[in-house]
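Below you'll find a set of structures to go through.
Common to both upcoming complexes is chain A, partnered first by chain B, then by chain C.
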Partner chain A sequence: MRLSLAQRFGAVVLAVVVLAAVWSQLAGFDPVLGVAPQAANLGPSLAHPLGTDHLGREVITRLAAACGAFVFPGLLAVTLCGALAVPLGALAGWAGGSVERFVRAMLGTVASIPPLVLALLLCSAWGNSHTHLALAAAIAYMPTFAEAVFARIATLRQAEFLVAARAYGLSEWRIVWRHLIVAACGPTIARQGLLLFSEYLVLETTLSYLGGFGVQEPMPSWGNMITFEWGRGNLAPLAAPVIALWLTLLALAWLAHGAAEERSHV
Partner chain B sequence: MCERLVATGLEVRIGARQVLVNGAIALQPGEVVALVGSSGSGKTLLARSLLGLVDLHPGIVAGEVTLHSAHHPPTTWRAPTTRAAREAAFQPIRRDAVGWLPQDAQQALDPFSTVERQVGRAARGDVDVDALLVRAGFSTPGAVRHRYPHQLSGGMAQRVGIAVALARKTCFFIADEPTTGLDPVVAGQVHEALRALAEAGVGVLWITHDLRAVRGIAHRVIVLDAGHIVERCSPDDLVHERLASDAGRSLLDATRRIAGGVLG
Partner chain C sequence: MTDAAASSGAPQALGRALLRVVGFALTIAGAALLLLTLMHAAPGDAIDQLPNGDALRPVLEREWLLDRPLWEQVLAHFSRAAQGDLGVSLVVRPGATVLEVMSAPLLRSATWVAASIALSLAWGATLAAATSRRSRAAGRFVEIASVPPVFLVAHLAVNGLNAGAWRLMQADLITRPSWFALPDEASWLRTTLAIVVLALGSGALSRTHLAVRTALLELRHASFIDAARARGEDTRPLIARHLIAPLAHLTAERVAAHVAGLIILERVLLLNGAGSLFWRASLERDWPLALGLALAAATGVAATRLACDGVRVLADPREREVSG
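Up next, the complex of A and B:
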């Protein structure tokens, strides 16, 4: 699979983000340990690559540790959503008729719930946690994911190569799994997974920016880092999370676009 | 080993319209049966009924398809049944007994796999992909091995379809107008491949428009017209105008006109 320049950039950024999240888990990032009031508000230098915030904490360390706020819960959201959306979309796409109408009606109902509202609802009711946020994102995004799989399979449902596969004696389950879900929908599923991951990133950042939900101080998240440094006149600790967020979303968008290009000849 | 594939009394309907009436056919190993008729006469429908691949509504409303084999009791499917029962009944027949080369080979190939992978998968084991491609009419198999179906011309896709069908090594083989879109040289190679298959013991059902090619390759001819089987004869009858049906005779006349025009 040849990757374009944009896709390679995307893959590198994503790899950096994931590694940062893994590091923060393994190295045991301690948010309180870095507090050093005497080193507050220092600009970028060799000793402090992105400077320090108004509590003297290393910005670059917090930036990396903040990846843990969305990488693992994001992966959880993608897994939960995909595990339900793919079978539902495939079922609706393959069966057609009343099954299709029923499934799509149900999905349409869920689609009317905004992810942010659902997240606030779940966190208010059950408590603020990564798992609840991931669950909210998975539920809210499920209609989009399922519709993408449904559309692909419904388009190919009548294709001759599936009749040929039946003529080979393949059972319908194997045909739907191998030829439709894996071969035809593989890129679609990859794309939806990447898009959901970036939706989760935006959701978490928004909530922690607004405060009260999402990751709370002293644990870093790109959202709460912005809020924490707002209006203090120090540019680096404010710009760093903004640029990191922008680059990551760009990377994910380019990867998702690249995934959609695969096998687009059918 | 398979002994016979028999269909009797097949009736196929689309809605209220009867598109196949009293379809009956028997395939034996080592024999080429040519199924001829004008477009829309029901040739493909009859062939697909042998595989239970008729997805019309209500579809096959009456009739029976039986596979007789040496080592198993006969497998019979009797219409009408549910779609699920039909798929279950025909699965062993499709998987082990009957190979199928459909009319539009390009559409029938897996668009997401290379030629090499598809031929290999069809063989279900070790196979010399290049040798099969050569048998199907490719002089340079290396050039197409790694291509996807959408990167092949119509004629090339047709030949890949033949290679895939050959790879499956079934007792019976249904070829639905396999020389569509092929130049005369390659068409001749395909005819040779059909004849070689029969000599190797495969029972071939060959749907064709080309009455000229039938003689010399086919052992029996069945003529269809508007969903009815109107004539069963030998290839020699085609040449010597011993046809009884109007449909058969008009087909032959039309063939003669084309042939006469070409040969001057």
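Up next, the complex of A and C:
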């Protein structure tokens, strides 16, 4: 597989974000420990690569620690959603008929609830936590994910290689799992996973930016870093999360396109 | 078509339309069931939100059926909602019915969502028509501009406008504009800004651009377009007519994202619509109001999808064959 320049850029950005999230967990980031009023609003320098915020906290440390706020819950959302959507989409695509109609009607019902509405209701009723937000994202994105898997399997239902596999005496289960889900739907699943991860990042940063839900100060999130530093006259602490968010979303979008192109070659 | 075929086609079309309406009703019922179950299964209950909840608990528990099993609560709530009784607001406007509180903001928000969808389709289609013969660079550029989430685009736009106007005022180049300073004062500019940002941010523009560009490329290589060109006909009206179905499909796909985006923008730009009301209801745990607004959003999304399905069937003969 040959990656394009955009996909290589996407892979590098995503790797940096994931490494930063792992570092934030391993290093045991303490949001209060870095407060140093005497070092407030310092510009970028060798000692402080992205400067400090108005409380004297290292912007680069908070930027890296904020990755933990969306990487692990985002992966949880992708796992939960995949675990629900892939079997449902495969069932509808393979079985067809009334099973397909029932599953797709069910997915249409869930899809009629806007994702943010579901996320806010869930966080309001069940409590504001990463797990609930990941659960809401997984439920809300499930119809799109499952429809993509369904569409892929439905187009391959009568393919010649499946007729050959049946002729060889392979079981239905093995055909669906090995030949359809793993081999034919791999790129589709990868693309949907990347898109859901990107949706989760948007959801988390949006809620943290608006306040009330999501990550609350002093814990860092790219969303609350933008709110917290606006209007304090210091550019670096504000520009850093804006650029990081923009680049990460672009990286995820380009990687997802790459997965879609890969699918068209399968 | 013979008279016999025409007369048998009409009842068939009516039957299909009826099936779609039943499907729509079932979708709303399913969404209501899902939301009610999620809310009723949550720890705590609506009485916790009342200032004198402890004293009123025995009476309200009986009245609101909170002492009954979950399935009975959901069923009772569902039957009341089906009759148009969505309950009473507990915190936002205590005592007022949910329908009373949400009807006017809902109408405003629905107008904004419709305007943003129309704008997104219009400029996505225009951009796609202008760039369909160019390389992928145009698509990349649109993507870079459109990928930031709506809250970020709105934040940058509002603060950029404010900072720019302030500098011009300081330099005595302009007097204070009527809309200054966003978002503290009500103005037409904030509403326009919300509609524009909604049509641009969170990938709205890039997805429209991509979908229309793909449809245009397919249409330009279609045999019926070649045939029309060979006959010397103007192919533009034909292409425009065949774009209706993909645009309807795109609208059906994107409407939920536009509704979600508006909730955020109403908060960022302090607009007085159903989105900011929903945010407040969720934050202050006014669950009857939050649930009523969530159901209204689900109904709006499902109704738009039903309408888009209808448009697709009317616009595309292949869709008519499939649904037949």
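Here, the second predicted complex is superposed on the first by the 263 of 266 C-alpha atoms of A that agree within 3 Å, B and C clash if a C-alpha of one lies under 4 Å from a C-alpha of the other, contacts with A are read in each partner's own complex, and residues count from 1 in each chain.
Operating definition for what follows: a residue touches a chain if its C-beta (ideal position, glycine included) is under 8 Å from a C-beta of that chain, and two chains touch if they have at least 3 such contacts.
Not measured: the values here are computed from a predicted model.
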{"item": "Chain B versus chain C as contact partner of A:60, first or second or both or neither", "value": "neither"}
{"item": "Partner chain(s) touched by A:160 [first = chain B, second = chain C, both, neither]", "value": "first"}
{"item": "Partner chain in contact with A:183 - chain B first, chain C second, else both or neither", "value": "first"}
{"item": "Partner chain in contact with A:108 - chain B first, chain C second, else both or neither", "value": "second"}
{"item": "Which superposed partner A:168 touches (first chain B, second chain C, both, neither)", "value": "first"}
{"item": "Partner chain(s) touched by A:75 [first = chain B, second = chain C, both, neither]", "value": "neither"}
{"item": "Doubly contacted chain A residues - partners chain C and chain B", "value": "none"}
{"item": "Interfacial residue positions of chain B with respect to chain A in the complex", "value": "51, 53, 87, 91-96, 98, 100, 102, 104, 107-113, 122, 148, 150, 168"}
{"item": "Partner chain A, residues of chain C touching it in the complex", "value": "23, 26-28, 30-31, 34-35, 38-39, 42-43, 140, 143-144, 147-152, 155-156, 159, 202-203, 206, 256-257, 259-260, 263-264, 267-268, 278-279, 282-283, 285, 287, 290-291, 293-294, 297-299, 301-302, 305"}
{"item": "Sites on chain A touched by chain B in the complex", "value": "159-161, 163-172, 179, 183-184, 263, 265-266"}
{"item": "Contacting residues of chain A [partner chain C, same complex]", "value": "6, 105-106, 108-118, 120-127, 202, 205-206, 209-210, 212-213, 223, 226, 230-231, 242, 245-246, 249-250, 253"}
